[in-house]
Amino acid sequence: MAEMLREGVELMLTGMTVVFSLLILLVFALKAMSNLALSIHGPVPSETRGPAPSVAGDGEEIVAAITAGVHAYRKGKR
Amino acid sequence: MAEMLREGVELMLTGMTVVFSLLILLVFALKAMSNLALSIHGPVPSETRGPAPSVAGDGEEIVAAITAGVHAYRKGKR
Amino acid sequence: MAEMLREGVELMLTGMTVVFSLLILLVFALKAMSNLALSIHGPVPSETRGPAPSVAGDGEEIVAAITAGVHAYRKGKR
Amino acid sequence: MQSDLLLKLWETTGLANFDGPGQIFMIAIGGLLIYLAIAKQFEPLLLIPIGFGAILSNIPVADMSGPEGILGYFYSVGVTTGVFPLLIFLGVGALTDFGALIANPKTLILGAAAQFGIFFTLLGALAMNAVPGVEFSLADAAAIGIIGGADGPTAIFLASRLSPDLLGAIAVAAYSYMALVPIIQPPIMRALTTAKERSVVMEELREVSTTERIFFPFTVLLLVVILLPTASPLVGMLMFGNLLRESGVVKRLSDTAQNELINIVTILLGLAVGSRLHADEFLNTETIGILLIGLVAFAVGTGTGVLMGKAMHRLSGGQVNPLIGAAGVSAVPMAARVVNKVGLESNPNNYLLMHAMGPNVAGVIGSAVAAGFLLSMLG
Amino acid sequence: MQSDLLLKLWETTGLANFDGPGQIFMIAIGGLLIYLAIAKQFEPLLLIPIGFGAILSNIPVADMSGPEGILGYFYSVGVTTGVFPLLIFLGVGALTDFGALIANPKTLILGAAAQFGIFFTLLGALAMNAVPGVEFSLADAAAIGIIGGADGPTAIFLASRLSPDLLGAIAVAAYSYMALVPIIQPPIMRALTTAKERSVVMEELREVSTTERIFFPFTVLLLVVILLPTASPLVGMLMFGNLLRESGVVKRLSDTAQNELINIVTILLGLAVGSRLHADEFLNTETIGILLIGLVAFAVGTGTGVLMGKAMHRLSGGQVNPLIGAAGVSAVPMAARVVNKVGLESNPNNYLLMHAMGPNVAGVIGSAVAAGFLLSMLG
Amino acid sequence: MQSDLLLKLWETTGLANFDGPGQIFMIAIGGLLIYLAIAKQFEPLLLIPIGFGAILSNIPVADMSGPEGILGYFYSVGVTTGVFPLLIFLGVGALTDFGALIANPKTLILGAAAQFGIFFTLLGALAMNAVPGVEFSLADAAAIGIIGGADGPTAIFLASRLSPDLLGAIAVAAYSYMALVPIIQPPIMRALTTAKERSVVMEELREVSTTERIFFPFTVLLLVVILLPTASPLVGMLMFGNLLRESGVVKRLSDTAQNELINIVTILLGLAVGSRLHADEFLNTETIGILLIGLVAFAVGTGTGVLMGKAMHRLSGGQVNPLIGAAGVSAVPMAARVVNKVGLESNPNNYLLMHAMGPNVAGVIGSAVAAGFLLSMLG
């Protein structure tokens, strides 16, 4: 059991090292990422996104829109 | 390779024949179908359908409707 | 076949006995249950429930609420 | 070489591969089921997928219901394992308001009486062994009997366990006759009751508290566990769905169980059941027997339900309208609506719908119990 | 001992386990697909899951696309069996309004003509065998050809049957070029038509009755069953979905097929397809060949569609605008919108959208038929 | 013969088949979990299905958690493969707004510190081997340790890989203690901080751009791929879900991942986990040990998180409120709300919720990283 406890302590040391290393590196990576994003697009607020691209890229929604449009079109003609 | 190309050409010829035959026959079949539909129901516009049959045939929706009705009924009584 | 019919009659007799026994016992069990419920909470009408606990217990909905709140908060600040 | 190709082409057409009129007939049966579903609103949620599955599985060459076909996959993943009917039961539990039963638990007895249709049909199926070409084992007869339970998922679940070969015919009979309930039941109900009995106005049901609704699934499950644990997959999933509904704290799970989950499973289950409507398995004397006797099952169940209703009418000093016994066959909520309609004929102000919901949902529990009993004896 | 542990730790890092630049390159390819999906709206519904699947499956050590990895499970459950693309077809059927095709069935001929792209590409793939390092079998060539069908689920379904090793490249080519339809098609359309032809205003389409809409799926399926039953899994599921939509009695099933079911399957299918974008399977001359020839496929299909449009223009005495032939490649509804846009260039009041929807959905049927033919010859 | 039948009947009752008080006790445990879920709102989304699964799997005769039972199927299809917890992670990714973490990435360090609870618990589990009847392997101890990660799907995923026998107890401990976070954390938070520290008002978080949100999942995944690819199934699915959310072009997929998909999987996963709450596997000294030590895990993680918060408080010149370190255990969003509440006690105008969301979601990533590390060492 002493052997296992020793292995457990080793796991703890290496494990916390791994967790801290990875998350601290991630701090720097995220800062670099934010700077990169800023340099590409400028300080764009989230709100400029909007749902427009969603619709444009969404095949089925377009089909639905077309269908609806057609029905409206037909009704107008009658 | 020449052998495979020849087989490929054969596939192309038979394949396009099959595709055209089937779709051309489908033109006639769809026209016959439309005439049949017309002779059965007359020129019924799509709009006459409506959601009514949907509800009528939909077991669970009826349960929901009953439940809702019962609640309304009970509240009215109180 | 006579043998099978006899087994069938046995199944019917035992089966109906089982069904009736279980459902009649359930009548008493449900009455006992209703009395127990009454003694615990009193004659609480169903309507007191409402959607409140649902929200409180629903992790993801809270996240959504937080997110929404944050957006509202930020917009107010700008 | 070119002519070889044309020959190969011809050999892959459907025309060259129909192996007799059986497949064409079964495709027509599939079309008929869909016609009934659309034009007559015969249980369309199941009969459209079943009918289309029947058509697809009888297409030559494609072998869609074979072990490598999509319908075959659905069957082995969802029906052989029992998973699809049990998930349907989960959704039904989440959709069902058992309040009427909790308010008036005595209606359980009506739900019990109507299960006589199951056992009568079982006997009838055994008696049919006298007909040449029909050879039903006890397990087959039990699976046929469950048609009398008037509950689709229960019938599919039990048939998949006791008699997979007959599953297609049993499922079709069960759903078709459930759709025919408005035609089958009223004459029997009128024949067995007097106009006076039919016009009895019942006392309004009391309100049921949230606590009772939450205790309900546990109470039902407890009795099943103690007395008939073989019924616990069916009853357990039904009560789990109902607990999701009534607990009030997992609305998102309850909504999904009632909608997307049950819808997806219904599509897949319907196709899988349809894949059993194969010419070689379906077109025989036994199927005709099953269809005939299934009709009897509903009639007998309705009759015993109404007779028990009459008994309760007398024992209660006339407070119970015997018509509500007919709802004990299940066929939720069709049978309860039929009771309501027949009741209105005798008394235009007598709305029996809520009172019939008690025996109606009791019938679901009753059929599941009967299925559990048959599983324990023959499974 | 501690150093053993550190060694073991190092050995489990990604750095120590990248086996060459191939994996990094493939991760970059995954990123590129996602970039195109987000920034250029290239079929994002499929290319985001495919791109992310490509990234995940090229991560060293984790082996997520292996037989015990989650992407590997999705692949074996949904793609090897053909279940996922067929369920997508079910959803597409429920989403598609075939009214324009029913009103003007002659446009089926345009949908047939555009399938020439498939067979031309098949030949092109065979011709590529002249290039050293490329070795396509007939089955491989057929799977590559289906890129010209401009229909994602059909391409995945056929490739999973005829040439699973090429599935990743074929799916990526199919979806990428479908996204490029607005760039690939217009120059070809303008080159093959005169300004006068392009400004033809077509007669308004007649209304289609509910009965016709309900009969439609059966009519299409009937012909497929008789003539080419190997196409019936694809066509059958498409028509089943459409029947759910048009029957009007199973709205809840139709809604689920159009939304949650197709969405769930799209996520899982995309990841599964992405798992085939493995460095060792993808990075070779054959993939480059597939990407090049896929582009040709779309161009040729567009061209033959427009040429058939011109033939119909003449035979009809000038009533048909030949541009609508370009919509015959499928790529629903992108190609129909391109037709509308190019038509508006020549006549700002000429809305061809509805007229193009006929050949557009005809192209879906045409590709499924071509896939069935290839399956029957080579499957 | 009749008496034979009655005997057979008796032999199929539950009464005749309960094999000791263990099953009854486990059914009561299932009931207790459901009681806590409904009456105390203890993580009801998981504990109701887990509790009901525990009841169902301890019903005698039915063997619902056996290899042919429905719960057994759910377990082997979804838990043994790891698919269910990973799909939950997909949904969680689509549900989570990582904006607070992007705005203040330093809070990742708090999410790292709180993972000490995992490794402390691992040691504690090993120390428990001194107790007679307890025999935990290193893999068992690691699976128990992950309870300290305060993240349900991570715990289930790791336990299914390292120690399937203990999965039931580990999942129950994880979800129960997550629900107890509002009781476990505040005393520790108050004990380790001064009133002045607790009343620190933090600077408002900056806004985060769409581009950053889209780059975020790739950045996180990139580091995991390079350093610890064994964590990439968990982190990859989380980040895939988040990309669906943030890309803005696949709203329908994101909605489905956040709702129907995660709901369906939650129901099935809960039942499957519940099926591990078997009398013979659950009722032993080891379970008691797991429950005790799980409580310690949460306390230690909270403590180290707060201590790291104090360190950051000093290093930042008093700008960081150390309370937010407690949110690093994950238990999203409960722990962040607890931070907010304890903060308000010291300063009624100090809303820490948003600041706590950073370490809170960082804790999810931290636990997934710890799980990946344990998998790489012991898997």
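Note that the chains are named A, B, C, D, E and F in the order they appear, and that numbering of residues resets to 1 at the start of each chain.
Keep this in mind: a contact is a pair of C-beta atoms (placed from the backbone, for glycine too) under 8 Å apart; a residue touches a chain by one contact, two chains touch by 3 or more.
Bear in mind the structure is a predicted one, so any value in this text is a computation, not a measurement.
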Which of C-F and E-F has more C-beta contact pairs: E-F
Identity of the chain that, by mean CA position, is farthest from subunit C: E
Centroid spacing, where centroids are CA-atom means, of subunit A and subunit B in whole angstrom: 38
Inter-centroid spacing, subunit F versus subunit B (mean Cα positions, whole Å): 46
Distance between chain centroids, defined by C-alpha means - subunit A, subunit F (Å): 22
Multi-partner residues of subunit A (each touching 2 or more other chains): 14, 18, 53, 56-58, 60
Subunit F, residues touching no fewer than two other chains: 5, 9, 37, 41, 44-45, 99, 207, 227-228, 248-250, 252, 260, 377
Full enumeration of touching chain pairs: A-E, A-F, B-D, B-E, C-D, C-F, D-E, D-F, E-F
Complex contacts: residues of subunit C adjacent to subunit D: 1, 4-5, 7-9, 11-12, 14-16, 18-27, 29-31, 33-34, 36-38, 40-41, 43-46, 48-49, 51, 53-54, 56-58, 60-61
Residue ranges of subunit C touching subunit F (in the complex, touch as defined): 10, 14, 18, 53, 56-60, 62-64, 66-67, 69-70, 73-74, 77
Subunit D to subunit E touching residues, read off their complex: 5, 8-9, 12-15, 17, 27, 31, 34, 37-38, 41, 44-45, 48-49, 52, 55-56, 59-62, 64, 68-70, 73, 259-260, 263-264, 266-267, 271
Residue ranges of subunit E touching subunit B (in the complex, touch as defined): 99, 101-102, 105-106, 108-109, 111-113, 115-116, 118-120, 122-123, 126-127, 129-130, 138, 141-142, 207-213, 215-216, 219-220, 222-224, 227-228, 248-252, 362, 365-366, 369-370, 373-374, 377
Footprint of subunit E on subunit F - complex, ascending: 81-83, 86, 90, 214, 218, 221, 225-230, 232-233, 236-237, 240, 243-244, 247-250, 252-253, 255-257, 260-261, 376-377
